[in-house]
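Labels for the chains are A, B and C, by order of writing; each one numbers its residues from 1.
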Amino acid sequence: MSIESKLHEMGLSLPDPPKPVASYVPAVRSGNLIFISGQLPFAGNELVAHGPVPSHTSIEDAQGSAQRCVINGLAVLKAALGGDLSKVVRVVRLGVFVACDNGFTEQAKVANGASEILFTLMGEAGRHARAAVGVNALPLNAPVEVEFVFEVQP
Amino acid sequence: MSIESKLHEMGLSLPDPPKPVASYVPAVRSGNLIFISGQLPFAGNELVAHGPVPSHTSIEDAQGSAQRCVINGLAVLKAALGGDLSKVVRVVRLGVFVACDNGFTEQAKVANGASEILFTLMGEAGRHARAAVGVNALPLNAPVEVEFVFEVQP
Amino acid sequence: MSIESKLHEMGLSLPDPPKPVASYVPAVRSGNLIFISGQLPFAGNELVAHGPVPSHTSIEDAQGSAQRCVINGLAVLKAALGGDLSKVVRVVRLGVFVACDNGFTEQAKVANGASEILFTLMGEAGRHARAAVGVNALPLNAPVEVEFVFEVQP
């Protein structure tokens, strides 16, 4: 079953790819790798959560934010592939940045929100290497930002 | 027009590539990709700004710092290409780390200082994927650090 | 002399590769690159140090933590290569995240703990591009996290 039919089953769908606000682009292909810019948890024009974990965003909401970053990243990937997500070979790497309070140590749990939906949608091809770290602040007061490297067909 | 003639028009020039202070190297090539180590905003032996945004470094000065990181990154790239920047195919990815106070949310604006000069110097080939995040502290009290992946000719 | 004999001379050895606790994997190969997930300074089931630098972890202990992350990363790499580390061509890139107090500026010194052992073990092939940054918090209260890109034989 395709990524998009699985999303549909989950009651989710790919949005129009979020437009970067600056002089950079959502995705760059080099060889068989596609690098996706850091995605924020937009749903439409609004972030689904705001502020550091756990004081302003709960771990559960941060997991949902991480999942939302993945959906936006897949939307960008689809556009970069001319609309055909079946050309994806696998996820290679995620960089997961969690805006958090000092002393917060559950960044891996938050990042699982991203990792698990990729596995749900793509199976073994959704497994990836990952760096998950805490940071004190993110753009637009987002609780999570996720960047991606995908491998695609030649 | 070449990258260096455009820099010259802007009243800028490539410095000698900053030397890393440790047992790592400024640039590594693997296949057609060149990975450039995180660059700090040195101009000569001094950073152009110090300390987190916005309490110690203004957004404008941080943008200038991000631009300076790009100039230093291009100097490293030129050395890695044996002095011939015309071998660059495109910028692939920037990692932009902005040292900032808690609650700062304009990391994208700061990172635009890097993104815009790359577009000015290289046109479409200067567009790139980007992750821009805040962090609480950077080496030598720099307000910005930028790392790069470039694609170069085989 | 092989990486593992040099480790042995130093009184060190590769552990069983640390298992990630989530739905991601320790290593992903794409072409000749292997991306290694962010490693924490585990020795057995315990981290060798806890908490930010310098208030809770000294620079020296953080350097030891960075070294430990490398040993764990090499263990992961060995497993990804079917047990044969001689297939490594070189280290390409390290991402070094140092959990630190506000105002800490010696992230490069901490990251040298990782860079120097790679040079000791692998010589010129151990040299790498590097981004070393501070962050306010890391998973499990680790003082250091290191992710890796290696180039391996086709």
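Some points to look at:
Following the convention adopted for this analysis, a contact is a pair of C-beta atoms (placed from the backbone, for glycine too) under 8 Å apart; a residue touches a chain by one contact, two chains touch by 3 or more.
As the structure is a prediction and not an experimental result, all values here were calculated from the model.
Copies chain B and chain C of the same sequence differ by a rotation of 120 degrees once their CA atoms are superposed, given in steps of 5. Here chain A and chain B face each other with different sets of residues for the most part; under half of the interface numbers are shared between them. Centroids built from CA atoms put chain B at 25 Å from chain A. Counting partner chains per residue, chain B shows two or more touched chains at residues 31, 135-136.
Put simply, chain C touches chain B in their complex at residues 31-33, 90-94, 100-109, 111-112, 115-116, 118-119, 127-136, 149, 151. Chain A makes touch with chain B in their complex at residues 20-28, 30-31, 35-38, 52, 95, 97, 99, 135-141, 145, 147.
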